[in-house]
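Both of the next two complexes hold subunit A, though its partner changes from subunit B to subunit C.
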Partner chain A sequence: MAQNVFYMLFSTSTQAMKAFTELRSAGCRTRIAPAPRLDNVCCGTALLITEEDIEDVRATLSERPDIAYDRIIETEDITNIHRDRFC
Partner chain B sequence: MTDRHQMWSDLGMDLETHDQLCAVLPTAYGDIYLAQQNRPENIAFYDFVVSDIHGIRPAELIELQEKGGKVFGTFCVYVPDEVVVATGGAITGLCGGSQFWVPEGEKKVPRDSCPLVKASMGAHFGKTCPYFSVADVYVGETTCDGKKKAYEILGADKETYIMDLPQMKREKDFVKWTEEIADFAQYVEEKTGVAITAENLGEAIKLINEKRKALARLNATRKSKDVVPISGKDALLVTQIAFFDDPARCAEMANKLAEECEQRVADGVSVFPAGTKRILITGTPMAIPNWKLHHIIETSGGAVVCEEMCTGTRYYENLVDESAETLQDQFAALAARYMKNNCACFTPNQARIDDIIRLAKEYDVDGVIDVNLKFCQLYNTEKPSVRAALEAEGIPCLSLETDYDDNDSGQLRTRVEAFLEMLD
Partner chain C sequence: MIYLDNAATSCPKPPEVAEAITSALNSFGGVGRGVHEASIAAAMAVFEARNAVANLLVTPGADRVSFTNNVTTALNLAIDGLLPDGGVAVTTAASHNSVLRPLFRARDLRKCEVRIVNVLPNGAIDMVSFAHAVKGASLVAVTHASNLTGDVYDVAQQAHIAHEAGALFVLDAAQTAGSIPVNMAELDADVLCFTGHKGLLGPQGTGGLCPARDIEILPLIEGGSGTHSFDERHPLAMPESLEAGTVNAHGIAGLTAGIAYIQERGITAIAQHEATLANKVAKDLAAMDSIRILGGGGIAKTGIVAFQSINMDAAELADRLATDYDICTRAGSHCAPLMHKALGTDKSGAVRVSFGPFNTKDDATALLDAVHEILRGN
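What follows is the complex of A and B.
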């Protein structure tokens, strides 16, 4: 059964990078990823976070009002290393 | 999400078609890069660059232009970045590495042109790459016939300066290349309105050397026999991004990553299990986002530990002599360094084969994969010589030909898997 992944979306790439640095310092598991293409098709930076860390992520960023994120979305993990579909 | 559409529109890009290209990236990057395990922490910077690859750096280049700086788009590792950097200008690598651009390119050049040429043409004429759109001028060079003819077509649509690269390495060819660099410097002065002096060129030489040293330092960590601290895919990405990133930042970030990888080697932290077959790839360049062969190898039980190609050792090996004090001596020092690149457009080209053997030993590889892009006759023709030299050294070699299309992935995977099994 496919698992889901959680993306944290931002209004700017700069905010995403700031959040990444802050979350890593706080010990949250997170990775930078191209934002999933939703209704707004646009290049952009997102953070992949784990379901277990969501509350910690929210708590950490609540102490940093200078770092704003749009929302956290849950989507199906479609990763397939043998898809062999390249850019 | 950051909306870059206004910036792309201002650059005259085809937004609707460009959106189709952007839409492919998250899934492909997820499959190829983010699915990797145990990557170095400092690779995050490069993930960041890719996540907004058509936004962050183009915006910086536009900011530079607004301050009076010029952006020079280049297609080859023989064009000396230092000359442009000396004037406060920026270099951005433009070679196309995506199948997305190929059909548009085939409207301009024959279908049996190499995919790198076709993709580059497609990116320009399709108006779907901001790096092409933002460049004030292109700088081409007389390497292969395909590129030479393509520059004529590009030059009819955007100002394109051509450097006449010698095809041999006799003393008079070094003199000729020195003169070509001096002429290029004069052109850059005219375009930028900034005089090139021994002082600002000297600073630029030091800066680009620092970038080379940082990339070389990172790649040296891949020589460790028992520990592979960074995947070939990630190392390739670092080199690809170096072609368009700010050189000072490139050196800083590569040094950070190198420091971490050095520690990983010391601590025995490897991306791959012990015994994973170590592969050197040699051949034609892999322009971003061409990650195809590296991905196939590293998801078939191999680890790429070295790239003998323009997007590899040729880009960061060999430094420019910093001791020259006059412009003429600096141009000669630049010529001496750049002529150490061993592209298959030169004849004879024994030095490339010597490089492959040397690197295969330095990186302690189990086998070599010699790959060329389809329709690249130069690299294809060198394959028998490369194979013979490797066989004489007892180093197994697999010769491949491919392009940017997904269609041959299954066949490539079968051949790579068989090669890796043979190395057991």
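What follows is the complex of A and C.
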């Protein structure tokens, strides 16, 4: 059964870069990805998180109110989460 | 060539600056305009630059650092964005045209009142007049240090007085960022404006502004944002709300390298180095009969020395230094017309010498010898 994935959405790419840097420093697995086509998506840059890692991310975010983001959405996995060769 | 015009733009830059720019030119895509390797590299570099600026200048954080192409643009954004129609603005005669002209435009086009606080003969701000002028003002925009004399002003005191009067406080740190320790939090500025190509040792085409967390500045320029593309108006989320269009990521990468050099060498060490050279030159020039040193009324000095010869026009003296001795200084009005008027040099101009982190004692000695020879032969 295919797993869902989670997208962390932002108002600015600055927020996205900060969240990516901080989450990676905290040991969370995530990668920068294009934001999915949704209504009212603010920034074209999003962070993609697997179902396996989402709880780690949520736990980190709960302790880091300085990491700003708009929301996290869950969607069907149509990407290869392991294709991270850039970051 | 002996370069003594670092208050205009610093030269040379640390080699790492050119290396960073070259690397960026060959690897960066659009910032925040795509999610691929080249675009992410650019976005991450700009984010690192925001952090570098925030750390050095102790601003509220990376998300409060908006990049512009110079401090003039930053000051225009801050002044135009915070001064209401018909509002009262205060500045001092020590201000550069990058503060004065946006204020005069607001006076002419938006019925604002502009109050200019006088400068005393020694270059000091008349603080009695300052305290009187800020009453009823909505905005105070001042320079941290005179770009003519190098006098550093007590802007923390000015900010306190401005805030007591209910005015916002915009600080022009063009001459201090990267040259002396600057702490936006301690200075209590509502907006700090900086340029990248002077003390911060970055390339021309870089600068920015850092609004405090409770300060919202409406964009002066609207357009491409990489976000909210279907909105009719430019998004208001900082810091990109003030960065319509693609920012100069290549230059900003160089700016980060310049700041890294400053952090490694130490801002206090750089400030002491430049002040030592400037003090030596000021002292020895003052001992020459026909020389008048300008300023001296600040709480500290940057690496600037401005002087006037009673026997020779400033432009001629600077030209002789350049052509006969290969020494780069700056004559003229320095975009500080009211300061020159206050100091009585609006007709004659002045020669400005400004030291940078790579100048040496030999540079100072060469300048002194050259001025002595020129004036002796005149």
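What we mean here is this: the second predicted complex is superposed on the first by the 72 of 87 C-alpha atoms of A that agree within 3 Å, B and C clash if a C-alpha of one lies under 4 Å from a C-alpha of the other, contacts with A are read in each partner's own complex, and residues count from 1 in each chain.
By our rule, a contact is a pair of C-beta atoms (placed from the backbone, for glycine too) under 8 Å apart; a residue touches a chain by one contact, two chains touch by 3 or more.
Fair warning: this is a prediction, and the values are worked out from it, not measured in the lab.
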Requested in this report: Classify the contacts of A:33 with the two partner chains as first (subunit B alone), second (subunit C alone), both, or neither.
Outcome: both
Requested in this report: Identify which of subunit B and subunit C touches the larger number of residues of subunit A.
Outcome: B
Requested in this report: Considering only touches as defined above, state whether A:45 meets subunit B (first), subunit C (second), both or neither.
Outcome: both
Query raised in the report: Regarding the shared-chain residue A:68, is it in contact with subunit B (first), subunit C (second), both, or neither?
Result: second
Requested in this report: Quick one: classify A:11 as touching subunit B (first), subunit C (second), both or neither.
Outcome: both
Query raised in the report: Which parts of subunit A are in contact with subunit B and also with subunit C?
Result: 11-13, 16-17, 32-34, 42-46, 85-87
Query raised in the report: Along subunit B, where are the residues that touch subunit A in the complex?
Result: 1-5, 19, 21-32, 34-35, 41, 44, 47-48, 50-56, 97-100, 289-292, 295-296, 299, 404, 406, 409-410, 413
Query raised in the report: Can you name the residues of subunit A that touch subunit B in the complex?
Result: 9-13, 16-17, 20, 24, 31-37, 40-46, 48, 70, 78-87
Report summary line: In the complex, the residues of subunit A that touch subunit C are 11-18, 21, 32-34, 42-46, 66, 68, 85-87
Report task. Spell out the residues on subunit C that touch subunit A in their complex, using ranges where they run on. Result -> 31-37, 40, 43-44, 46-47, 50, 61-63, 226-229, 235, 237-240
